[in-house]
Every structure is written in C-alpha cells, then in structure tokens.
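Supplied in structure tokens, the structure appears directly below.
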Amino acid sequence: MISISGFLGQAFAILLALFLAPLLSGWVGQCRAWFQSRTAPPLLLPYYMLQKLFNKDVVLAHNASSLFRAAPFVIFGCMVLACAIVPTLSTDLPFAPAADALALVGVFGLARIFIALAGMDIGTAFGSLGGRREMLVGFLAEPALLMVFFTLAMIAQSTSLATIVETLAHRELVIYPSLAFAGVAFTFVSLAENARVPVDNPATHLELTMIHEAMILEYTGRHLALIEWAASLKLYAYSCLGLALFFPWGIAPGDDIVALIAAIPLLVFKLAIGGFLLAAIETVNAKMRIFRAPEFLGTAFMLAVLGLLVRLLLEVRT
Amino acid sequence: MDFFILMLSIPLVSGALLTIVGERDWAPNLNVIASLGTFLAAVGLTGEIVANGPRFAVGEQFFIDSLNVFFVALTAFVGLTTSIFSGPYMRIERDRGRLTKPRLRLYKSMYQLFMFTMLAALTTNNLGILWVAMEAATLTTVLLVSLYRSPASLEAAWKYFILCGVGIAQALFGTVLLYFAAERVLGAAGNALLWTHLVDVKSQLEPTIMALSFIFLLVGYGTKVGLAPLHNWLPDAHAEGPTPVSAVLSGLLLNVALYAILRCKVLADGALPEGYAGNLMIGFGLFTLLLAAFFLSRQKDVKRMFAYSSIEHMGLITFAFGMGGPIANFAGLLHMTMHSLTKSAIFFAVGHATQKTETQLMEHIRGLMKINPLIGWGLMLGTLAILGMPPFGVFASEFMILTHAMKHFPWTTPILLLALGVAFASIFSKVQPMVFGETEAKRLPHAPAITPVFLHLGIVLMLGLYIPPYLTRWFHEAARMLG
Amino acid sequence: MPGLLSLDLLLIAAAAWLAIGLCGLLAARHQALVSQVLFPAGALVGLWVGVTGIAALGGDPQTAVLAIGLPDLPFHLRLDNLSATFAILLGLTSAGISVYSAGYFGKGDVAGLGTLCLEYHLFLASMLMVLLADDAYAFMVAWECMALSSFFLVTTDHKHEEIRNAGFLYLLIAHIGAIGILLCFGVMTGGAGDYSFAAMRSQELAPFWTSAAFLLALAGFGAKAGLVPLHVWLPEAHPAAPSPVSAMMSGVMLKTAIYGLLRVSFDLLHTTIWWWGVVALVVGLVTALFGVLYATVQNDMKRLLAYSSIENIGLIAVAIGLTLIFHAYGMDALAALAMTAVLYHCLAHAGFKSLLFLCTGSVLHATQERNLGKLGGLIHPMPWVAWLALAGIIAGAGLPPLSGFVSEWLLLQGFLFSPGLPHPWLNMVVPVAAALVVLVAALAGFAMVKFYGIIFLGQMREPALKDAHDAGPWERVGLVWLALITLFLGVMPSTVILRLDAATRQLLGAGLSDTLKEQGWWMLAPISAERASYEPMLVLVTIAATLLLSRWLVRSLYHGRVRRSSPWDCGYHFEGPRAQDTAEGFSQPIRRIFEPVFRMQRHFPAARDTQPFYSVKVEDHFWYWCYLPIARLANWISALIVTLQGGRIAIYLMYSFITLLVLLMVARP
Amino acid sequence: MTASIPLSAQLINLFAAVILLLAFAMLAQRRMHSLVNLFALQGLALCLATLVAAVSTGQVHLYFSAGLTLLLKVLALPWILYRLVRQLNIKGDVEALINIPTIMLVGIGLVMVAFNVALPISELSHTITRGTLGIALAVVMLAFLMMITRQKAISQVVGFLSMENGLFLAATSATYGMPMVVELGIALDVLVGMIILGVFFFQIRDQFDSLDIRHMEKLKDS
C-alpha cells in the first residue's frame, strides 16, 4: 500500500512545510514593509521569534487550565496534518486519502475550536471576545470554503484533493468560468481564515479590532511559539491549496523523483508570488469593522454558490 | 332458580326493602349485597347465554342474546362497584352535613330501582317496554340528581326531567310509528313490537315509515345518550348530583340509551337503503364529538368537565356504530365498555377529590398526589385512559375507530383529529395541575374507597393489552348482530 | 444460548426492564438499593440489548407472536436489520445512561425514586417494543407507553408550574402526533382490517393514498422527533426533565421517531415519489437551521442542547430526504450512501448528545444552576466532566476525528454526487441545500464552543462554584462509556458501516459493503478511494503523534519551565469574572446577523438610569405565528360554542325541536 | 269522497280536530286554571276518540285504553294539577317569551309541516282513522312549542302532558293503540312522573320562592 518512496515524499513534504511556513510569513511581512515604505524586517525574523519564544519561560495565568496548556500542541498537530494532506509537491501522498477536502475543512475547524476555547479559558475580556469573533468568522468562512471545494469536486468528480489536483493539472485547456468564481471566493476565505486584512490584522494589538491576537494574548513562551508556527503553517497550507487548485501546474503526478525535485523551486516561486500578492492586497485594503466581516464572507459564500451554479448551468452537459 | 328472574327481582325487592327499613347502619351493606347478588345473577346469566345461546324469558317479552347480555354484565358490574364506592362516600357526605337520613334512604332505594329499570331496559324484547323502562330510569334518577335539594341540583333535575321527558316522548312517537310499520307486516297481534319478530321481517317494513320512525327514535333516545344539540341536560345533571349518581349516569344510563338506538338501527338498516341510519348517526356522532371537545375547554367544574367528556365519547361511539361493519361495531362495543369502566372510575376518584378539597372548582383543587397519592394516581391514570392513551383499553377501541374511519370515511378524520386534540388539551391541562403541584390541604381522616377505582382501571388496562377469547367471541357475535 | 433467537433475547430484556422497574416500585424506600443495584442492573440489560442487536445484524428477520393484544391481532413482533440497528443504539446508549443514573439518583433526596425507577425502565422497555413491533396496534401501544412514561419522567419535579406546563405541551404534541401516525396506519391497513405490517407491505395503494400515508407519517413522527414547526415541546421538556431522562429522550427517543419514519417510508410503503424527498429535505433544512440558530442564543445549558438536538434531527431529516430522492430515481448506490448517513448520524447523535446531557446533569448536581450566566471555570473543580464533555462538543460540532463528523461527511458526499438527478430543478436546489447543511454544521460549532467555553472555561461567575464537586464513580463510568462510543464511531466508521450495511440493504436493496469490504478497516471510501476517502484513525494518530512528538521535542531541546502570574489581558486589569463574555454576549454576533429569525425583546440602559441594565429575551417566532393564533382561535370558537349552553331550558327545548324539524324536512330516504 | 267515510271515522276525525283546536287554545291560554281545564278537555276528547275507535273496531283493549285515558288524563292528572295550582297559589303565567299572535302563526306553520310529514304515511294506513296521524303529530309539535314559550314550570308540565295526549292520539289513529302491557306501562310512567313533579314543585318553590323557570338559569357555561 504505502510505498517507501511515497512515505519519504510525505515526510519530506511535511518537513518542507515546517521549514517553509515561517519563511512565507517572513516574506509577506517583508513585502508589506516595502509596500508601506518601511524598513523591512529580516526575512528570517519568524525563525528568530520562534527561537526566542522557545527559550523563554512560560508564564501562565493563575487560573489557566490543562486545556489551555494542551491547546497549542493540538493546534500545531492539526496544522501539520493539514500540510501533510495538501498536495504541495506531489499528488502521491500516503496521507492524502486520510482526509479529503471535506475532512480538511474539518481539521481546520478542529483547530479553530481549540484556539477559541483556549482564548476563553483565562476568562479575560479580550480572550472571550476573540473566541467569539473567531467562531463568527469560522461559521461564515467554512461554508464558503466548502462551496469552493464543491465546485472543484464537481469538476473532478471527486473530493479527494489529490484527484482534484491531478484532474485540473492534466486536463485539456478548457476555461471553466466556475473556477474564476471559486478562485475569488477562495481568496476571500483565505484572507479571513488567516487573520489577514481586511478582516483582521496580524500585526496589531489594537484592542477593538483584534480577532486572532485577542485569543492568544495570554500565551507565552513555547506555547506562543507553537501557535505562531501553527498560524504560519495555516497560511502555508492555504497558499499551497490555492496554488494547487488554481495553478496546479508543476506538481509531480506520482513518485517521480525528478519531477518532485523540479517541483520544489516551482513551489517556492509560486509561493513568493502568492505572498507578494497577499501583501499587496493587505496594503491596498483597509481593515474593516468587525460587523462588515459577515458581508465580506457572505460575498465569498455567494460567489462560491454562483460558481457552483455556473458549473451546473454552463459546464455540465447531460 | 332462573338467573334472569333473580337478576331482575333482586334490585326490585331490595329497592322496596331499603325503602321500608329506612336508613340503618347496615343499609349500605344491604345495598352492596343486593348489588353483589344482582351481579352474580348477571354473571350466571352470562354464563348461561355463552354456553347455550340466546334465550327468551317471561314468554317472549324478554330476550337475552349475546349483544345485551354483555351490557347486562357490564351494568351489573359497574352497579356493584358503584355501590361499594357509595358506602364510604355517602357516609362522608352525611358527616359533612350535606345529606340527611331520609335522603340516604331515598338514595339507596332509588339506586336499586334504577338498576332494575336499566336491567329491564336491556333485557326486554318488547320495544314498548324498552321505552317504559327508559322513562322509568329517568324518573328514578331525577330524584337522585336533586338529592342535595340545593337550588343548583333542583335546577339540574328539572332540566333533566323536562328535556329527557320531551326527548323520550319523541321516542314514543317513533315507537308508535315502528309499531305502525310492523303491524302492516306482522298483524295486530301483540308481537308486532317484539324485536325478535321485527328482525325477521325487517326488510319488509315500509321504508317511509321506518325513516320517520328512526328519526324520532334517534332524536328521542339520542337525548338520553347526550347527542348534541340534545345534550344540554347532561352536564348539569352530572355535576349537581351526588358522585355515585354521576358515575352510573355516565357509565350506564348513556350506554343503555345508546343500546336502544342500536336495536332500532338494526331494524332501520333492514328496511332502509344502505347507510341511511348510519349516515345520520355519523353526522350526530361527529357533531357531538366536535362540540363537546370545544365545550371541554371552558369548564371550571370538574364533574361538569367529565360529563362533557362523556358526551364526547358518546359522540365517538355513535360515530363508530354509524360507520357500521364488523370492525367499527366491535370497536363501538369495546369503547362503550371501556368508557363505562373508565368514566365511573374517574368519577369515583373525582368524588373523593372533591370531598377532600370541599370544592368542585378545578382551580381550587391542587396537589392531589400529596393529599392522597392513590387518589392522585387514580385520577391521573383514569384521565389518561379516557383520553385514549395506551396501554389502556380506550385506546384499543379508538385505534380501531380511527383506522377504520381513515380507510372508509377519510373525510371525517380531520374532524376526529381536531376534536380529539382539543379534548386532550382541554382535559389534560386541567387535570394535571389538580393532580400535581403543591397544596395546603391536609390529609383528611376518612379512608377513601379506592378499590373500585383501581379495579376498573385494572380491567381497562388488561383489556387494552389482552382481551380474553370468550370475550372476543362474544363481542364478535354482538358486532355481527349489529350488521 | 441454544434455541433462543435474538428476538427472544430482546423480549427477555424488555421483560427484565419491566421487572426491574417493578422491583423499584416495591423497594421504593431503599434508596441505596434502587440506585446502586437496580439502575446498574438496567444498564447490564441495556448492554445485553446492544450485544444482541449487534449479533442479530445481518441475520434473517425473526418474527414472533405474543398472546396479548387485540382480538384477531395479537402482538406481532419482528426483529430485522433496521430494528436491530436501533436496538443497538438503544441498548448501548441506555447502558451508559443507566450507569450514570445509578450515581445521579443515588445522591441527594430524590422524591419518589421508586416510581421514577418504574417509569424509567418502562420507558426503556417501551422503546424496545417500539422497535420490535410488527403490527400497528403493538406499535402504537408501545409508542404511547413511551410517550406516557417519558411524560411522567419529565414531570418528576412537578412542584414547579413551568415543569408541569412543559410536560403538558410535550404530551399534547406527542398525542396529536400519535393520532397522525395512527391515521397513517389507517391508510395503509390491509383489507378487512388487517393491521399487521406484513399486510401493509403487501398492500397496493393508489398514489394519492401513498403520499397521504407518507405525509401523515412525516407529521406524526416529526412531532416526536421535533421537526419544525412541531418542535416547540422539545426545548421546554428537556430542561424540565432530570438530566439522565433528557439524555435518554434526546439520545434515544428522538431516534425511535426516525426509526418509525424509516420503517414507514422505506419498508411499509414500497413506492417512493421524488417530491417526498424534497419535502423532507426542506423541512429538515428549516429544522436544522432553526435549531442551530436558536441553540446559539440560549442561556440555559439544557435548552441549548435541546435546540441542538432539533438541529441534528433536522440534519437526519435532510439525509432521509436525500435518500428518498435517490431512491425514487433508482440511484441505489447513492441512496445507500445517504441512508448510511441517516443511520450513522442517529448512532452518533445518540452517543454525543447523551454524553453532553449527562455532563449538564453533573454540572447541575454540583452547582444547582442551569443558567449559563452563573457558571464558568468548572474545568478546575470538575476535570472529568470537563474533558469528557470536550469529546461531546467536538462530536457535536461535527469535527474530525469523532463521530459527528463521519455522518456529516457521508451526508455531504451524498450531496456532492447528486448531479445526475434527472430533474433540473433538483440539480439546482440540492447544492444550495448542501451549502446550508454546511452552514448548520459550522454554526453548531459556534453553539458548542459557547456551551463548553461558558460552562467549563474562564473564571467562575459565582463564588459558590468553587465548592462544585466532580462526578462520582458511577457517573464517570457512564460518561466514559458514552465518550468511548463517540470515539469508536469516530475512528472506526468502516467497521460500523459494514455492520449497518445489512439494514441499508434491507431497506434499499443496496449497500456500501461491496466497496468497503475491499478496503482496509481504517479507510472509509464509500464510492471509491479516488473519489472520496476519509481515514479518521490516521487523522487521530497524526494529530496525537504530532502533539506528543512536539511536546517531547520542545521539552528536550529547550525546557519545560512554567511560572504563574496574573493574566496579562493587554495590560488592563479587569480582574473580575464580569469582564468575560456573558452567554448573551457570546451569541451577540448571531443575534445581529440573523436578527429576523429571532423574536427579540431588548432593554437598553438609558442615559440617566441610576441602575442601568441591559437585557435581552429571545423567543420563538413559531409561538407567535403558529401556536398562539391556533390557541386563540380555539378559544374563540369555544367561547362561541359555550353560548349554546346558556342555561335557559326553553332554548334547550328549541334546539331539540329544531333538530327534529330539520331532520324531518331534510333526512328523507 | 267524504261520503265514503264511515260515521265512526268522521267522529274520530272530529275529535282529532277538537284536540288540535284545544292544543291551539292551550298555546294561547295564559291563566293557569283555564289551562288545566283545557288539558282536561283535551283528555276527554282523546278518550272519546279512543272510545269511538273501540266501538267501531270492537277491539277490547281499546276500551281499556279509553278507560285508562279517562282515569288518568281526565280525572287524575287534572285533579293533581288543580291541587298544585291551588296549593302553590299560581294565578297566571307571566307574559310568554314571544307574543301570542306570533306563536299562533308559528303554530300554524308547524301544523302544515306536520301534515306534510305525515301525508305519505297516512296513505299507507289501512285504519279508518289514518288522517288523524298528521293531527297527532301537529299536537305533539304544538305542545313542544308551548313548552318552549312558557315560563312557569307548571305550564311546561301541562305542555308535556299535552304532548303525551298527542302521542296517544297517534297510537290510536295509526294502529288502534299499542299492546296493552305497553299502554299500562306508559300510563304508570306518566302517573309516577306527575307525582314526582308534584313533589318537585314544592321543592322548587321552597328553594326559589317561585315557579318561574327564569330563576333556573344559573347552570350554564357561557
């Protein structure tokens, strides 16, 4: 069943994700600084941060519970799993059948629940505020994301990510209008899910607008490190997902070592472009009021549904 | 000794005896013993009929077949348990000063005479005597209803007398017409009112006369059954009379009146086009059911409410017999049995409840479960049974009626659904707080006569789960006889 | 046991439950005996039922006829794969709940424990009989016994008026629903009044009557299951009942309604019309959305769970609707997929919802408080309950790797493969329905986070909560058992579905086993691995392994030092528990976004209030749109009708006279 | 056609007409004393009609029936009623619920209905008195109307008894009377009923200080 090479490929993909994810965060931060005419922080800043945080003592609130301490590890585990599922370099992943697109959403959901609960655990004003908002974003984003997957699943007649990517990568050149809708919707959802402008701003602790940061205010030391790492893993997973779904060219179809190695620079290149575009989006948009977020995500949902309907109306010939 | 003669003479003689000896300490026991004797005689008669088939008595004037022997047994049984219940109940009433000794004497003698008239009505073969016995049953109970001599009870008794008198007068007109029709076939000999003879020639009876006759009989006896809009006497009489009287009125008198209609329906069915009598009964039944259900929701007096519930059930039974056919007739008979047993059990429980709380107003009766758990459970289970909750037997008959209606008269089911729903909501919402909840009332020193309640409920429960084969055979035969 | 069929074993179990109940009544004075012996014995019987059910799955139907019942209609019993499936559900869930009850009712002074024990076991026995009944009468008797015993259980604490009202509402709707079911059976009755299911199966009905039967069944069983708009009893009755009873009602009793609906629509009626599926789908969607939205805004923890049950029932109804649509179009493989989702969600919901209700029971016992606004931080004094409840909420939110996700995943797969339906409109509507299902699932996550976060996390909102005690040993066993069921259903879906396949096959003639058998036990790929697959065990293992590995690595590469201090909270020091979100506050975004769905009464503080306060009350629109108008109408009609009884004898005579005249004029033969 | 009707039939028809006339008179009569008188007269007419039927057909039990009617309806009941009226000191009825001309009009309408209903049946009858069935029905209905419109308990009772007269007339006219045992039973019932009513009146007067049935409208639901 599981070939050695496939297993190695899988392990490599995970390690690559663990390594590349902070780099991607650093790259986005750097791009943002350039756009805003600031002096850019070093590209490797996230690594320094992680190193520093791991070295620091953990300072826990008096009433922090065991759940609070366990949550960062769970979240980290979820994100590692997510990165293992998403086809980054190759579609021949032993872990791919573990979770299809729907299960991937579920894994993200699991992480979200833990981070929201952890936010509520200390019982501070900001913690529960963050938890509530996170769940708000979550329940709006999840359906939209699933609708995107639905559209793709209908094209590929499968919900398995590997199959979808393979189908999309190796199809004859047909323009699917539904994909355009899905792509835009996916972008919206990714912004919201990764706590990016215009829904949230990862770079600020401005109390009234925080979502993600509000939940993790009480985290310190290694816990915070894991959460930050998990956040960058999430960004990485979403980016790879987007790239794999909408720009699937160059992903190795099987356990072809050459193609696999060739896929690495291509991936890094695509990620660099993606990060640049993300920074651009974050710069040209303003953070919106939290109650605009439903409208934003509602739009994403509508677009995804439209994509689905377009798929049904225009592209399915029965 | 002939069981039949014994059965009719015991209540008659003991009624006279109770009048003569007056109110003694042992008079209640005599009442019970007489009822027990009647019941045993009825059981003996039943056994005889089951074993040997139908028989005549006193020439051809009385006729006992599987249809009426079943009502006889039921009547005698409820008569017995009610007499058991009325002993302690009436003693408490006397201690509370609501009744004097002469009234208690009147009560007991009239009770026995009432039993006599009902048994006579049930067993007679002569439709004329049936009428006479029904009228006599009214007369005996009028005095029972007005036993307290309060303005309200007098008013109730007056209405009962006049309305039922007028109703029964119409039944007499119907009987005359029936006789008229029968005479043309059977000749002027005295047997033209004998049911056994009429049944033989029922298809030759003149339809025009029979239709008219059945209308009069239906309206006449229907008044006693409590079919709307002829029911107006019923809630008053039930609410204002002593509780044992309410129990027998509801449990027995209504049945006997319905029995009279059934006997007439058999004849009308033979003479008239298919479904004529049945449709009239369906119409009355549904109208009664619906009206009673809505009446139920506005009641404040507990006995009055259960009186309306009796009207509702009579409507349902009339509807069932109106549909006809073996299943519906069977269901109707079963429902009559179940209703008698359950409703009298409820009235027993209600009687004790009102005695303990000294009011019949439901809003003042609270927490029966706390005052006396047995009374509380008795009322609660009785109410659930009468509302058609399984495993009680009322459900068995409602089950058959509803499914049969759905199959053959689907247009009636929305009405049935509405009426049963409204009735359920109305009754249950009132009984529940009476039984449950907190109360300040203390436990009263009197020991309640609770055995009859649970005896009845036990039988109803058993019949809901298991109907013994001989009873089934008997029901089937009776149902077949009804056509 | 040689010579005894599984059906006999189940009957023995029902009798045993009854016997236990009666023992309870007789031994009412010995509280310890009743709670420590009889309830665990009931749990053993439950286990027995579950194991027998598992053994019976896949076998041939077994029938029996009891000597009781109506004349010509003795109780017919039948154990087939469908009833076995639900018997498993009943047995295994009730085992956990009964064990829990041993602890729950053993503590404190429960008035009338003997009666309660009787009612409880009668409830169990009648549910089992519902599953076994093979004729309309036996079914209805068992069905109404179930309603009745649960009614008495709900009103255990009948001193409070609101509990009485809740019980009344419950019984009323149950009764009206039962009449609907009865009429449904009436439609299907064979000729000459044959009420046995066998006769109904062989009955050929006209399309109109088939549809009537289906709609009556949907309404009747829907009233019991809590489909909108017949759901109103549910959020009233569940908080009123003692927690084990709520667990039993929510976890098991609602499923008997699903069982009935499946029995009627797939077994007794042998034609299926596509629009039935649409009706079920739409009703289910409305129910699910309504339930979950209301769940998010509740402030009473048991009400929240009750609304969540409505949501889950709605999802099940959606799945049933989908099955009906596929079945009507002869797409058997997909119908089997959707049916598996139905059965799986029944099992899953039974496990996690009972678990959550029992957790609320422990919280209630420990704190005497149901109001979320007065709880908080209970994970510290009650770690057992808190951690087990976490399993419940993860499953309840429909997240991997626990049970709720599997069924939702199956359901969504069903939706995804729906294109190809030979009906263009359906093809359009179905994906939108799928989107709404996803929305429901996501909102369920919100509700669950609220439930868990407000009760167990944060600071204690009342000082008295410090004295709360954790669940006792009996209770822990029950909770752990249910949590294990949830976990097992979550990670071993393939194993379970292979067994459930017998039931699916029986109803639809098709199942998933052909594809599943070829795959490993760890893999769930109902169509084929290329199209969709899910390996929950791998998900669980990966997350767990990463968790442990990262923890070990961090500790060994760096350190494991911990210091304690006050929370930082962005530098502010609102130390008190008042600074956290209240239950109302937490659901504020939902109230705002879905404002038209709720009937809200809000009070805002004015500028000059000396004691400013904010309050919000959320009520159910259906009360005001549906129930109150009906009640008013009935009241109005009865007010009109009682004028007939005006007290005047002359008028009464006139009624009689007019009746006579009318009949004389009109009723000529 | 009239010529072919035998004398006995003509007589019976005449008495039947008298009974109907008396029924109308009772409907209009307000004084209690006169009401009882009219009732006694009606009983007498019924008795005579039965007697004529007995003579013309020679049936023995019709003689009994006539005798019973005489005893009960002409002698016993009016006597009881007189005593009651005197002892209870009732003078006249209060104004009827509806004014008398209207009642009369309604009564005439009822007679038409009754004739109409009875017509098809009368044609089937072979007795010499068949035409009177319609009259009997009309009498029953008029008595009914009287009971509806009167407000004194005692006049309701008179109406009730008048209804019985109508029933007896029907029995006689349609079938030459019911079987003996039935007639005896009916007579016994009526008598017992009357006695009970007598007791009742005293109780009612004790409780309500009046025999006005408007006092008895307390039991109601609305």
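Letters A, B, C and D mark the chains in the order given here, with residues in each chain numbered from 1 onward.
We adopt the following convention: a contact is a pair of C-beta atoms (placed from the backbone, for glycine too) under 8 Å apart; a residue touches a chain by one contact, two chains touch by 3 or more.
Since this is a predicted model, take the numbers as computed values, not measurements.
Listed by label, the chains touching subunit A and subunit C alike form an empty list. Chain centres here are Cα averages; for subunit B and subunit C they lie 43 Å apart.
A separation of 31 Å divides the Cα centre of subunit B from that of subunit D. Centre-to-centre separation between subunit A and subunit D, using Cα means, comes to 100 Å.
Measuring from the averaged C-alpha position of subunit A to that of subunit B gives a distance of 78 Å.
Of all residues in subunit B, those that touch two or more other chains are 158-159, 162, 166, 170, 208, 212, 235, 295, 298. Residues of subunit C in contact with two or more other chains: 639, 642, 644-645, 649, 653, 664.
The set of subunit D residues that touch two or more partner chains comprises 117, 144, 147, 156, 213, 216-219, 221. Two chains count as a pair here when they touch; such pairs are A-C, B-C, B-D, C-D. Residue ranges on subunit D touching subunit C, taken from their complex, read 97, 113, 117, 141, 144-145, 147-151, 156, 213, 216-222.
For subunit A in complex with subunit C, the touching residues are 1, 54-55, 57-63, 65-67, 70, 73-74, 76-78, 80-81, 84, 95, 97-100, 102-103, 106-107, 109-110, 112-113, 116-117, 120-129, 131-133, 135-136, 138-140, 142-143, 146-147, 150, 153-154, 157-160, 163, 205, 207, 217-218, 221-222, 226, 291, 294, 301, 304-305, 308-309, 312, 316, 318. Residues 59, 117, 120-121, 124-126, 137, 140, 144, 147, 153, 156, 160, 163-164, 167, 170-171, 174-176, 178-182, 185-186, 188-189, 192-193, 196-197, 200, 203-204, 207-208, 213, 216-219, 221 of subunit D are the ones touching subunit B in the complex. By the touch criterion stated above, subunit C contacts subunit D in their complex at residues 639, 642-650, 653-654, 657, 661, 664-665. Per the touch definition, subunit B reaches subunit D in the complex via residues 61, 126, 128-129, 131-132, 135-136, 139, 142-143, 146, 149-152, 154-159, 161-162, 165-166, 169-170, 172-173, 175-177, 179-180, 183-184, 188, 190, 192-193, 206, 208-209, 212, 235-236, 239-240, 295, 298-299.
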